[in-house]
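Naming follows writing order (A, B, C and D), and every chain is counted from residue 1.
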Amino acid sequence: MQATIIEAINDALHEEMASDDRTVVFGEDVAESGGVFRATEGLLEEFGEDRVLDTPLSEIAIVGAAIGLAAHGYRPVAEIQFSGFLPPAFDQLVTNASRIRWRTRGEITAPMTVRTPYGAGVRALEHHSESLEAAYGHIPGLKVAIPSTPADAKGMLTSAIRDPDPVLFMEPKHVYRSFREEVPEGEHTTPLGEAAVRREGRDVTVIAWGAMMHNTLEALAELPDVDAEVIDLRSISPLDRETVVESVRKTGRCVVVHEAAKSGGFAGELIATINDEALAYLEAPVRRVTGFDTPVPLLSMEDYYIPHPPRIEEAIAETVEY
Amino acid sequence: MQATIIEAINDALHEEMASDDRTVVFGEDVAESGGVFRATEGLLEEFGEDRVLDTPLSEIAIVGAAIGLAAHGYRPVAEIQFSGFLPPAFDQLVTNASRIRWRTRGEITAPMTVRTPYGAGVRALEHHSESLEAAYGHIPGLKVAIPSTPADAKGMLTSAIRDPDPVLFMEPKHVYRSFREEVPEGEHTTPLGEAAVRREGRDVTVIAWGAMMHNTLEALAELPDVDAEVIDLRSISPLDRETVVESVRKTGRCVVVHEAAKSGGFAGELIATINDEALAYLEAPVRRVTGFDTPVPLLSMEDYYIPHPPRIEEAIAETVEY
Amino acid sequence: MNEQSRPESPGSTDADVAAVSERDVDVATHRVVDADGSVVDPEAVPDLADDRFLDLYRWMVLQRTFDERATKLQRRGLLGTYASGQGQEASIIGSAFALTDDDWIFPYGREAGALLMHGLSMRDLLLYWRGVEDASRMEGANVFGFAISIGSHIPVATGKAWGQKLDGSDAVSFVNLGDGATSTGAFHEGINFAGVLGVPAVFFTQNNQYAISMPFEEQTAADTVAQKAIAYGMDGIRVDGNDVLAVYNAVATARERALAGDPVLVEAVTYRRAAHTTSDDPTRYREDEEVEEWERRDPVERYRSFLADRGLLEAVDEEAIREEVSELFDEAVAAADAYPERDVAELFRYVHAEPTPELERQLEEFRDLLDRRPEMHDHIEHRPKG
Amino acid sequence: MNEQSRPESPGSTDADVAAVSERDVDVATHRVVDADGSVVDPEAVPDLADDRFLDLYRWMVLQRTFDERATKLQRRGLLGTYASGQGQEASIIGSAFALTDDDWIFPYGREAGALLMHGLSMRDLLLYWRGVEDASRMEGANVFGFAISIGSHIPVATGKAWGQKLDGSDAVSFVNLGDGATSTGAFHEGINFAGVLGVPAVFFTQNNQYAISMPFEEQTAADTVAQKAIAYGMDGIRVDGNDVLAVYNAVATARERALAGDPVLVEAVTYRRAAHTTSDDPTRYREDEEVEEWERRDPVERYRSFLADRGLLEAVDEEAIREEVSELFDEAVAAADAYPERDVAELFRYVHAEPTPELERQLEEFRDLLDRRPEMHDHIEHRPKG
């Protein structure tokens, strides 16, 4: 079927709830109203109020209860309405979700998924546009997955729900509805922890994830002479170092694009990985194209913040010409 | 005077409270009992209960109230008893402290300090040993400072308290009492955002902070033939890129040591910086010596986790010989 | 010893173990004017000059008109997402009317009229909803930035009130929040700490029955917000939030107690008649009948009845008020439109008191890019000004 | 319109605005046996077989003896930091005695006896305090890992109880927490959500009057923990936490209500007689007289009086119990000492169900280092086993 990312997510939720009745979906406004982005539309009607629940405005409780429910054998899929409201639950991720398996030596586990729309570009209010994947990706034991296409959104969300461990599933809301593509019907999984090479090339490796994947492809469209290899990272943790390293060894040049602030952003880990295993192959410094070291502006200046295609294009061109 | 780190911190607090009566100290067990590490000992007696307060067990309220109190013109110095209990207040750091100046275009500001002991090695219970400086250092608008010596502890804490913006002051508790050194009496400030070159050298740059500074020096003691330049980073944010870059341009080799987990750790940002501005000078990959991508173990296996001197020594030796 | 350890069946007891519960408390709802417009208790009518009674009315009309106009502006694409206070005018205006300019208001979104009363310019309010950071200076008014992260302002307000107490000031921190906010950890920690400190804070909950689609009945198993005060050893005041005089009384009372060292949790029982924001479609989760039911309890109408009873209605030139507000609104839109274009440097200037070298570098590089690549502007949907 | 906007003086009112507060609630404290050992209410004495009454006593002695021995072990450097339950034996044992093996306990530290009763081995309890992760498997017992981050387990327990409800199981989630934990956001959100869900959870607060150095009176302005239940529309039960039979009644009652869909917040009023942990020095913040005062309310003594009254004391061979416990303790220490040395691979094995290549690489490199550099062991204070 042809689907947008949000439709693919909705489809994955329908599929998983139908195929495994341990799957329980909850969060703020996910049931009656079907979610502020309609990701959970139709679930309440189909699966009933025992399995699809609106919660109080309580991010700590949403994530905390997901841990307990998962530990009890269910497959909770909790929604945090915007990633800017995940910080209140940071402690539950750090202190419990990520380490319950480790703490109990595998006796108690937390096969749970926390879905959250992230990123800028939708003209929303303050705190609705942040990208803190680097902070979450630094928590040992917590998987952090970010799809950029409808097919991956479905496949990766299905894998996340089935994963025996907690997965933070960050959804690039800016491209929720921006395009449709073919998405497999029925069961469809995409392994977590594997990057996808979206395009092979020999001149430069460009690594991006989420909405920035699309800005990157747009930028490359302006550079017809550049034979770029494009990696959709898809997984912040675990990190697919192999795909990154192999590509950079081949191209000798690399640009990393993310919309989070530069300092302490996840590009650092990628560059460190390249430094570890492909330094000798580098013919130019790895360039970062990122958000600035500022909060994401409110809507009137939001577009200044986002790494738009011309910024990416410049960095790629300069890296190739270096 | 000769003082340990904890004594220097205590001294700084005494000095600042005496010199600026807007300074208010609070947190769990800081008043009556003088703090679980005795950092705040004697303050209640000297400055009274209006300015030195025990709080309820409420990390959100401690950090949140510090923001409001700072915005009102006071100089709050809040203690979070162990850095493992800062995650509950993560949201207050992200959502308010770090961006109140930005949000209000300088109209309202938060000149506050949050002190917290961090790091492993004291045989404490779970959640008492974490190092999440990379996550905090990624929040635009929040300064993150980490002293490693008594003189710096005093100087940097004084600067943090006087800083017009919020500072997260992470104290390496493992070395709170491990040695004494000369600490200036009376007023003593050390600028934030500046790394210190602890030792000049030409063979390799070794960058560390907090307790790892000492493990690094111990490691180097075993390598008398290596002429290492040692940088005590001191500030995670803002980052003193200049000192790092200059040193690596000189030595061409670098090792970064931190006790936080490797993946997504702050070494990534340092390596990215080196990649940006000193790649051509590199004669070997920058090595990371870090904690593992696991939670910090409970006491019986804690020592496996910590980057002890032999691990650092190996990395330095290999980097020099590369 | 580990064997045979305890009764085989679960513990059971015939003892009459007393419990405390909401059934033990009678949470009265303060009301001055009944839903039908008649005065319930003449003693309770605040002792205000006639002019002030009329001011109150004007402010309510202003709140309503502002909401209507702003919503329309949003529909025409000239405002970002907007959150209306429609239906909550008595709560918003009655509470602000009991404050002084020296008090600090912590807003969370719907309280346009309260902020205007507190000294904010209408232009700035529009600029805020156009996503212009400058507006959060809240120039000329003791107002904190909007707490878009629900509940996050509550502990901050406790800190502010703590400062007021330390100063010995006679101002309070007045916190607006919704029923949804009462379920946050920040609410609990912030209010509990305020209770311990005994600071001059009033936590004013507009229980408008919904948190987006979540009805209050499912937000908590408690019957009221006011009773939550008991958890903090505080006074809880429940008031009919559609009765502007009752709200005024409640907040005036709370404010006095707060200044005396007893922070108060107030619950104004009201109703959000509009959509949650302009991006919301409330028909997905609530019945028209319910909305209509609350329309019949309209706070503005109710207050009109009071004014009529009092013989003050003839002094009201309804038409003139609406026109005046509309003119103010038009002027504000014009002023917002004329607001100087923001410079990109602003993004970098206010991160710290002093920009770091890194921030300066980022700005410089970006300026350079903007200069060299004019096509960047194709990607910048131009709204850097009001 | 912005001018002349509201009364010049702050809002004031003569209206009698009613408030709800803790003064309106009478929080009774359930008690069966008085401080002097006499039965307050014969009807309230649980209907237990004599053997069970004696078991209860044995468990209390076990709790006390375990705490004593563990504290000594710690002083000799053979245990890490230890948190004693001294003074809280009635709360710890009376509550656990009302549970079944199928219930899940969420512990936070002081409840050694409860966990042993629930099926945990004494060896594993010692291993835990020796910092051996294996112990957190809580083998053979429905026990979650200790919640060292205060309050963090509460929402997790709500989730667990939610699962129990969905399963239609007849077990509850039983959450141990301290008075300090009641000030956390996690407490608020977790309990409020439990109330909304109507899950079988019992939130059992041992109000031992301190959170480290913070006396309960300053932890919150509320007089009791039990009254906080009102904020969640729940029942709150307050019980004399030094009266083991009363605690048993309270928890049995709470458990039944929880199973019927009404979670309960229980407050056991007791006292932490020992230091907070073995690293704490309580003389810094509290008076000896207070400690002595509570020594006179000793829960074990009180229960002895009850047994004496009941004619059961002659059946107690005090000496024999203590000896038995001490033997068990010695065996447990020996078993802990004999516990196989932990392999470093464990650090890496349990991060995820499947180790990532990166984790495998880290392990391999580290093993290699340990092999090549025997001096690494100088830095590893050897405690990788029990």
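Everything that follows uses one rule, which is that a contact is a pair of C-beta atoms (placed from the backbone, for glycine too) under 8 Å apart; a residue touches a chain by one contact, two chains touch by 3 or more.
Since we're looking at a predicted model, the values are computed, not measured.
Taking each chain's centre as the mean of its C-alpha atoms, the one that lies farthest from the centre of chain B is C. The mean-CA centres of chain A and chain C are about 34 angstrom from one another, to the nearest whole unit. Between chain A and chain D, the centres computed from C-alpha atoms are 39 Å apart.
Counting partner chains per residue, chain D has residues 133, 145, 149, 152, 183-186, 189, 192-193, 196, 218-220, 346, 351, 356, 358 touching two or more of them.
Annotation for chain B: residues touching 2 or more other chains are 55-56, 58-61, 84, 88, 91, 95, 102-103, 126-127, 140-141, 239, 263, 292-295. Chain contact topology: the protein chains form a complete graph, every chain touching every other one. Those residues of chain A lying in contact with chain C across their complex are 28-29, 32-34, 36, 54-61, 84-85, 88, 123-128, 262-263, 292-295, 297-306, 308-311, 314. Across the complex, chain C meets chain B through its residues 133-134, 136-139, 144-145, 149, 152-164, 166-167, 173, 185-186, 189-190, 192-193, 196, 346, 349-353, 356-358.
On the chain B side of its complex with chain C, the touching residues are 24, 50, 55-56, 58-61, 63-74, 76, 88, 91-92, 95-96, 100-109, 140-141, 143, 163-165, 193, 238-239, 241-242. Across the complex, chain D is touched by residues 1-2, 4-7, 9-22, 24-28, 30, 32, 41, 43-48, 52, 55, 58-59, 62, 96-100, 103, 116-117, 119, 121, 183-189, 192-193, 195-196, 198, 218-223, 226-239, 248-253, 255-256, 264, 324-325, 328 of chain C. Contacts from chain B toward chain A in the complex involve residues 84, 87-88, 90-91, 93-95, 98-99, 102-103, 126-127, 130, 132, 134-135, 137-141, 236-237, 239, 260-261, 263-272, 274-277, 279, 282, 284-286, 288, 292-295.
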